[in-house]
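Look for chain A in each of the two complexes below; its partner is chain B in the first and chain C in the second.
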Partner chain A sequence: MSDRSERSLLPNGLRDGLAPEAAHESAVLERLMRHFHSYGYDRIDPPLVEFEENLLDGVGTVMGPHTFRLMDPVSQRMMGVRADITPQVARIAATRLRKQPRPLRLAYAGSVLRVRGTQLRPERQFRQAGCELIGVDSPAADAEVIELAAVALRDVGIARLSVDICLPTLVPTICDMFGLDRTQVFAALDQKDASAVAALGGEAGALLMALLRASGPAKTALEKLAKIELPEPLAIERTRLEAVVARLQKAVPDLALTVDPVEHKGFEYQQGLSFTLFARGVRGELGRGGRYSLAGKGDPATGFTVYLDTILRAAPPPAPERKVFLPTSTPDGEGARLRREGWVAVSALSEAGDDAAEARRVGCTDILRDGRIEPLKN
Partner chain B sequence: MSDRSERSLLPNGLRDGLAPEAAHESAVLERLMRHFHSYGYDRIDPPLVEFEENLLDGVGTVMGPHTFRLMDPVSQRMMGVRADITPQVARIAATRLRKQPRPLRLAYAGSVLRVRGTQLRPERQFRQAGCELIGVDSPAADAEVIELAAVALRDVGIARLSVDICLPTLVPTICDMFGLDRTQVFAALDQKDASAVAALGGEAGALLMALLRASGPAKTALEKLAKIELPEPLAIERTRLEAVVARLQKAVPDLALTVDPVEHKGFEYQQGLSFTLFARGVRGELGRGGRYSLAGKGDPATGFTVYLDTILRAAPPPAPERKVFLPTSTPDGEGARLRREGWVAVSALSEAGDDAAEARRVGCTDILRDGRIEPLKN
Partner chain C sequence: MATSSTEPSSQSAPGAAGQSNEPIVLAVPKGRILKELRPLLSKAGIEPEPAFDDPSARQLTFGTNIPHFSIIRVRSFDVATFVAFGAAHLGVAGNDVLMEFDYSELYAPVDLNIGHCRLSVAEPEEMIGSDDPSRWSHIRIATKYPGVTRKHFSARGVQAECIKLNGAMELAPGMGLCRRIVDLVSTGKTLKDNGLVEIEKIADVTSRLIVNRAALKTRPTEMTPWIDRFREVANAA
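So, the complex of A and B:
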């Protein structure tokens, strides 16, 4: 079979995880989950498919075009394969866990499936992990989830982590206050097109120009923002931003923090302070999060999702592994003892003329001889 | 919202994993995978969906009626959502890993989805984990996978583990040799209906009666089997069975082993020595496995799959967890220190009038006071 036909074994955007990457992905994921757990986030595990109407409700609305549908022969109702886990967590928080005391801290990890890949993420299946902090609308909550994401990502080896904070409600609020067309304003801002922004003219144009120029490293961005005269609702958001940045600078002093007040792309359901997690020099984002409202009860909530594919591109590769070969002459119980000590121990299944050659052939680095482990020469 | 409507939140047979069960399931799964890894089984991770024709090829043929289908808008071809992971592992071994040295040891873990639940397993989504040992057709290989399954299951707390070994090709071979109708013979054997088996008459009836009576604990079953005069192909299978049992009795001396030579249900694709893993007193099987052939190249293979839902019913429940509450007065860095020490530490997000009451309200068992952890009284 040629390499070409091997590639066509799977639909576009789907792949087989092989050794050692699959084990590495799973180890990184469990390490992230241990951090989430250590902050008191309880793991929940929603199913891969559920009724379409629930999956695409509330924060899930934007996932409609990305979601595969299935007919459920039992209920005769349409189900969707999850394209995002956050809407499922929101559903669980608003229903099964509605009586649990707030703040409610939930963590999750799992695979999602999407109808089509994008240019930035051609994968149609990838793993997400994340946390949701529900029931508290305070800068302390915003700061906790950013701190947790940063601490967890750095622990799995993301060296050049950068958190970009934005206020995705700022520009829409300005548009509404001054009667501007959102689409037009977003287009000008997205291209960082200062002349188009300036051309909007008047008080709104000047305000948007000032906000556009106030993006950058947190310290200088906050200084520039502080000098802008902001109408009341925007000033409240700025105060929150200042409080969150101050908390993060105390909790994770060496974290690279930037602020981009006018960023909004991909924050369709966010209703307040949001953020993107990057590794400098690595394509794509590691994750993102921000403030939203639970459907129904309207609990304030914030949280984040990280993407394992990007994390693995940014994290160091797995350390090479040692494996010891156990010839057929190995006494009973030796394998069990070595495995308890943490060794990967591969048992010979038949006599080999040359045990060392056989050990190397099956990928072992060491061999057990007379009760002692000896490294194999290449 | 009533409990009734909560139940109808999800399609039948699908469920939300909540705390503490979801974290427990994942911990048990990772512990199993560590055992698989320690025997040299490399983790692979096939996708949730793939082309229907590959998924339902070879060992996957029997999963056809259980598999949800999706149209892939990219390739315009039909895909299936996996209902079993073993066929995917077989595909990978026969294609991407066809040039890897044999024996090839592969491990996997993941969720599968099925169109309908069964009476024994009403769940339509559940987690599988398993191992495949490819390229070796020897009793040593059969014994290794059974030993590994047993060691791993006992380590996650399955106390009353029992392995039932069967030879699913025995009865079909007899039917073919003596020109008997398989359906009729299976029906009689499945009901353990001795009179119906005896009524088959002649040499075949006597042989089948003897085999039916030879089921039970391995030691006595092997003694009874040894006394039966078996035609050549069946005698070879018996010799293999004796060799595998002897190896297991040495490797895992206290393992409860039974033999049921005429068992065949659910071993549709197995072509030799097979087995079922039970916990005595627990509904459903923990897992199963056996010998098969890889499609295409025809590599001999054996392996097993375990089901996390049954394992969790049979394993001890998770130990109650301690969580320490950090009041807002907690100095910077204390939370990080406690979490490094292994504590689950929940930070207060706002001043509480009574920290201890607040700690209890959010489910903490301990509180940090003046740098010391104090258990909370109830």
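So, the complex of A and C:
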């Protein structure tokens, strides 16, 4: 007994996927990937493990503390197990696909491994799926990836999706322009603490305060933002935000959109308009994305990643599946015919005294009798 | 849960605007802070059902005069957990708790200006004078805040080995568990009674209104008025 319990124990944050959840996750993933493909995003499949310096380059820098390392006995170099797939896609776009015409649209899906789970997401291994749109720096590109994320998530049953758009470069720019201490400003803004922001004082304090106050539903946020006198580089970002929101309102009219001009936490390496995907009543975020640039030539890029574990928590549970039991007396070819019709057909491997009881025991909902499918009564 | 039979507040509460009939849950800590918080709730237009003010009531969830707005009463550390996981949407927690957990899913938009105290290091009176903190490489500390303690000392290059206690920290030095403690200090009387002296302040502590990140993002028109209301009330106090 203790031997068996010990063998079933897994390390923290790792789990066995069983039926029906494992199949459900694959089905949801497949649906997402179909949407990504329908917008022209070609699937690529990077390896699980790469050299550490490539994995943690550029947008990957932030994943350093989350990455498992191992030594490659062959090359004697340090390798990392991917904790995020985006840096791999960025690497592929900047190297192997550098000559491919832009815009380059790439999609991916796969498992990632992290050193530590968080309290909110204790899983250390989970699946990601996402898209990257490389080589175009325009509101049209920003809007396309948000639209795609929203359309795909809704199709897998996430009804009350909500997209929060942020401009993570705004606050650092203001800090630099006015010579403010970034740590102090971020501490106040990350808490959304209006009093602490007000206490910063001066022109910069008033500006940050106005930006903080502008957060909320997209329509009112844009109205408030429009009234704020913004210095030149910031006004450009605002124009972009307006363009993206206008496009999204046309493309996905009933999508709940919010704007948070001062959101910054977790977007440290983003270089422009970014966003977080939420669903009402669901803990944590479903995914996130935003603008970054590729290592090397610095191609502009944007994209998003969604987390399958959160999506499955937010999506409706799988519909109960019907399975038909084929007793040993079933004529040859019947099973093949039913499976062609789309049935899940489970063959009896040996003679059973009571076929109906045997069918229930192996988890079937129906039974084949005299060439007809009959539902089993409990 | 019955709606409160107490007189409705003269002010109309933000939730009463009737934006949504989805529940809003406010998590509040039991004990000392609750006493200071109670008048703020009234000023914010929240009148809990009578059982809320009965310390002997075993009830944990309380209805209020505002439809779909309920209050839960839990331990102060658990307020942050309930709100971080989205089980409660709003909460009241000291920044000591927020520092200890550092949840990314929480915002703390309003300093309620109640529950004033400080998080400090204390040691037995007789150690003062003979102790030179600059020579420490490793110390052992009894505390309810192992996270904050470790971080505080590691910033000075000192490794802190924490003994996690859930209360009566002041007993630890006298009973030979360890020599130093990190705990909340308000008047300093408990320390003094146990022969301890406060040697260093880690942080000033007050209670904050906290809000779940996903709730603020997905229900901004319901959450923002509550944040504004608590800010007004806290500033007016």
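We adopt the following convention: the second predicted complex is superposed on the first by the 370 of 378 C-alpha atoms of A that agree within 3 Å, B and C clash if a C-alpha of one lies under 4 Å from a C-alpha of the other, contacts with A are read in each partner's own complex, and residues count from 1 in each chain.
Everything that follows uses one rule, which is that a contact is a pair of C-beta atoms (placed from the backbone, for glycine too) under 8 Å apart; a residue touches a chain by one contact, two chains touch by 3 or more.
What you see is a predicted model; the values in this text were computed from it and never measured.
In the superposed model, A:T118 lies in contact with chain C only, and not with chain B. By the touch criterion defined above, A:F51 lies against chain B but remains apart from chain C after alignment on the C-alpha atoms of chain A. In the superposition on chain A, A:Q191 makes contact with chain C only, while chain B stays out of contact range.
If you count the residues of chain A touched by chain B and by chain C, you find the higher number for B. By the touch criterion stated above, A:V282 is placed in contact with chain C alone, chain B being left untouched.
In the superposition on chain A, A:R182 makes contact with neither chain B nor chain C.
In the superposed pair of complexes, A:S162 makes contact with chain C only, with no contact to chain B.
In the superposed pair of complexes, A:K265 makes contact with chain C only, with no contact to chain B. Overlap of the chain B and chain C contact sets on chain A: empty, with no shared residue. In the complex of the two chains, the chain C residues touching chain A come out as 22, 81, 84-86, 101, 103-105, 107-111, 208, 211, 214, 216-221, 224, 227, 231, 235.
On the side of chain B, the complex with chain A involves touching residues 1, 6, 9-20, 22-23, 25-26, 30, 33, 35, 37-40, 42-51, 54, 68, 70, 72-75, 77, 79, 81, 88, 91-92, 95-98, 101, 103, 105, 109, 111, 113, 115-116, 125, 136, 138, 140-141, 144, 151, 250-251, 323, 332, 336, 339, 342-347, 349-350, 361-363.
Those residues of chain A that touch chain C in the complex are listed here as 118-120, 160, 162, 164, 190-196, 215-217, 256, 258, 260, 265-266, 276, 278-285.
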